[in-house]
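Look for chain A in each of the two complexes below; its partner is chain B in the first and chain C in the second.
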Partner chain A sequence: MVFPFPRGITPPEISFLAEMEMVTIVPRQRLEGLELLGGPVEPLIPPRRTSVPLWLASLLKRQRRANILPPPWLHPESLSLILDIETQHADYQHAFSPPPPLPGQPKLRDRGTQKPTARPRYTPESQRYYPTPPFLPQNVAQDQAYEDGGEPPTLPFHWLEVGTMLLDVASDDVVEPDQTRRLLKELREVRSAKIRAGVEVLDDAAVAGGGVTLTGVGAMEIGEGRGFIGGVVDGLRRIGASKEQARREQLAEAANGGYDATQDDYDEMEF
Partner chain B sequence: MSYYDIDSILTDAQKLPCTFELDVPGLGVLEGNPGENIKAGTRIDLPLWLGEMLSIGARLGTSRLVTLDIPSALSERVMNALKADPRTVDLRALAPNYYRLSERVLELFEEEEMVDILSNTFKKRAAEIADHAHNPKGALGDGVEFLRGLDETERQLFRVAHDSAKDTRIWAGEAKKR
Partner chain C sequence: MDIDDILASVDRSDVSSPESTALDHQLITRFWVAERSVPELLPWPARLMDRMMERVRQQIEAIEDLAAASSDPSTAIFSDKPPNASTSTLKLSILQTDLSRTQYLLRSLLRQRLSKLTKHSMHYLLSTTSTPPTPPPPSQTPSSRTNQMQPEDSIPFPDDPPPRTCPLSPAEISYLHTHQTLLARHFGSSFLSSFPPQLRRLDDNAGGTSMLQGPDAKEAVFVRCLAEEVPIVAPPGDGVDEEVMGGTMRMGDVWVVRWEGIKKAWEKGDVEVL
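The block that comes next holds the complex of A and B.
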């Protein structure tokens, strides 16, 4: 091993990326607009709410120049609701609670009745793109609460990082910080147990084209599991390689009427 | 698998039982009597890389020099033990690079059932490894017996799982840095 670090990204790097998430703050002091590499920051005029990147928000919070409005999911009620879904709901015994809908995806309660229609955005060079986290405002405060007909709470991609950092920096802005911290920890334990249980069915992923649903898994959880899950799938693939080869030859023979072609192009697609 | 991959070099050195089909003059050195001839029908354990090359005639359809046998690590007895309970078998004692060896052997022999048994073994043991890896005490808990029997692939898996769990705990402030 020449390069001493493991493959993939380390937890500090993941939380560094999560600092790009936009959060809502209520400034206490005026600040001129900033032209930053990551995009302009609007002028801060108290007491108007503004969305700024998490790193700037925590900087301002540490200097007591702003208060952070925690995202709607970082609330004991929302978290215990999600925890209920994770542990009690029959549909989610082996799956993770659904992620927030992407732009264009139907809302959670309309799912099944409406079809998703992807809504592209355009760069200044008028190239089409579809935004994903961290370029989606998943952690800004919402005006409508769930009870008043707003969205049901969902865990965003960077939930663990943003939650932990906000509890660290701005625990006085979070509702019932101790309760929230406990719920975050419980959620993490429940979900990592599910990832571990997923190893039992990984076999089908490698041989029969099945797989493990990772919809709704957060960045930190992927970072934690990637080395192990990747290793297991790779090991199973190597053991099953000869069987796979035989199966593919049979298929090729059946398809081409006896012509023995090994189709290496399908290699990647199988897994 | 790269050229300088130590594990694959070590796998190449694993012994495989071979039976000579022909008399070979001057190859008695393999049996331990240099200068002598090797007679047809002699059984010798040869390293994988040598046995593979000598048996290549078998695959080309011409007369072959040796016939290969399945090594004892993958014998019927071991397969039955793995079928009964994958967790109790000491793979390391059978071969340090057990899974890599079986990969290579499965390339040479067509053994569909063995593939199924080995996949199942790997999967069951991987789940067990994950449980042990998340134990903050590391390899010092009650699983010592099981962890000692891991082969090289599984040890790497254990290390990766343990390190990533530890790194995350350090980030979350639950554990101290080393």
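The block that comes next holds the complex of A and C.
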């Protein structure tokens, strides 16, 4: 009974997850609705748009039974805007460009003033459940362009996998596939440079109650960095075991004495 | 009863509905990712797994019926137009792909759990019982009883029913107990029988060091905060008696933190392991 995989999902498993993302297709043939184990699929009636999981969309696309409408972020214009944010914007010199908001999460510019209004669903075991990628419509085509909302485009959690798979299967449906491919590659390089530069702050994740933020990171980027980041953090923790004890006593003191400056220190740490 | 309970009862209404199928699929996917990522064994989601297995069984039956119907020439005689062979092949291939994806998910989840179980077998076996076997005092003079001591005597026998805190499923408990008993017998017959009787135990903690190794809850995991705010806690230990609050995660943030620091929040569904 050998299970050879390391802790944490591996890149093929991340692609497997990304294939659960919903994308929009325009079917070319009729097909009745199906009850799948992953949830129901609506009937396909050409030329009505339907959202289906990416694995099903690519299955239909390969057999030329449907066309895929690429998500709005997978467009040279959106990608170069995001690339500008990643490289030029002063706030994101050391951080990733902001991810799309979760349901109920206020828009980026309102986040200081508005509270999140997320309403969890409940599981049959009455546990709270907040849907997250790959089960959010982050990759479906939208009717309105970004200009209307004034919101800049954002990279979804599974951007690299979905982008690569769409370029692979449906490059004739993507606008300017070569340009898009080049921009994806550039984004990937810019962002992996940020991960490498962020290694210095990993020390903060090695103490009790501490952590390092990676907000905006993509699933595949976590997969790539998991072994290294996890290893460094665990190594630093072993080295700093004595330092940690002193720090914990200090934290306990702070908690008892009402001195709460330590908490604010954490919020500044970002990649 | 507050508003959350009312909402909960509404959402819970019908387990066989398509919405519930979709929700269970999302839950099992998230649980799989978490089980693959965290250092310790997560509590067995018995009801969720029962529902998933039942659905897989029904889906296999449905696919078999469909395959039989499409290959059966007699049905073609009664229908007005010839059956659209390509559509029914497409439907079958979609259903089968979906089934294989779900089966892969379940298989990978179970294999990951088995690998964690066998890695720290004695640690998890101890969690299945509230009365662990007590080692004899180390200073005891060798008596006739300890001379008969075998390695498998140190193996805890699972309670029935297991304690509420036990993270294992009944099948995992019986597997683990049999596995560990076989292993202990093998150790005994191959080399432990030539040791002095008091050194034959597999759960010795002489000298203050326990032979039993558990998973390291301090290992780092990647999480996303889903609730409005979630504090990272430092649980008691290392000379500090009470729980200490560390940093605060806000909604949508992705953090690298220690598993022990957000384990409670994960149980409440406020964070997601990535």
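Here, the second predicted complex is superposed on the first by the 220 of 271 C-alpha atoms of A that agree within 3 Å, B and C clash if a C-alpha of one lies under 4 Å from a C-alpha of the other, contacts with A are read in each partner's own complex, and residues count from 1 in each chain.
Methods note: contacts are C-beta pairs under 8 Å (C-beta built on N, C-alpha and C of every residue); 3 or more make two chains touch, one makes a residue touch a chain.
Everything quoted here is computed from the prediction, not taken from an experiment.
Engineer: Under the stated touch criterion, which partner chain does A:Gly240 make contact with: chain B (first), chain C (second), both, or neither?
Structural biologist: In the superposed model, A:Gly240 contacts chain B only, not chain C.
Engineer: In this superposition, which partner touches a larger number of chain A residues, chain B or chain C?
Structural biologist: It is C that touches the greater number of chain A residues.
Engineer: One more residue to check, A:Val217. First (chain B), second (chain C), both or neither?
Structural biologist: Touch partner of A:Val217: chain C, not chain B.
Engineer: Quick check on the superposed pair: does A:Pro99 touch chain B, chain C, both, or neither? Answer first, second, both or neither.
Structural biologist: Once the two structures are laid over each other on A, A:Pro99 reaches chain C alone.
Engineer: Determine, under the contact definition given at the top, whether A:Pro12 touches first (chain B), second (chain C), both, or neither.
Structural biologist: First partner only, chain B.
Engineer: Just chain B (first), just chain C (second), both, or neither: which does A:Leu37 touch?
Structural biologist: second
Engineer: Show which residues of chain A both chain B and chain C reach, each in its own complex.
Structural biologist: 202, 206-207, 226
Engineer: Under the stated contact criterion, what part of chain B meets chain A in this complex?
Structural biologist: 99-100, 102-103, 106-107, 110, 112, 115, 118-120, 122-123, 126-127, 130-131, 133-134, 153, 156-157, 160-161, 163-165, 167-168, 170-172
Engineer: Where on chain C is chain A touching in the complex?
Structural biologist: 4, 7-8, 11-12, 15, 18, 20-27, 29-30, 33, 36-39, 45, 47-48, 51, 55-56, 59, 87, 90-91, 93-95, 97-99, 101-102, 104, 108, 111-112, 114-115, 118, 218-222, 224, 226-228, 232-234, 238-240, 242, 244-249, 251-258, 261, 268-270, 272, 274
Engineer: State the interface residues of chain A toward chain B in the complex, per the touch definition above.
Structural biologist: 6, 10-12, 15, 164, 192, 196, 199-200, 202-203, 206-207, 220, 223-228, 231-232, 235-236, 238-243, 246
Engineer: Under the touch definition given earlier, write down the residues of chain A that touch chain C in their complex.
Structural biologist: Residue positions touching the partner: 1-3, 5, 7-9, 13, 16-17, 19-20, 29-32, 34-41, 55-56, 59, 63, 65, 99, 101-102, 105, 115-116, 118-132, 134-135, 202, 205-217, 219, 222, 226, 229-230, 233-234, 237, 244-245, 248-249, 251-252, 255, 263, 266-267.
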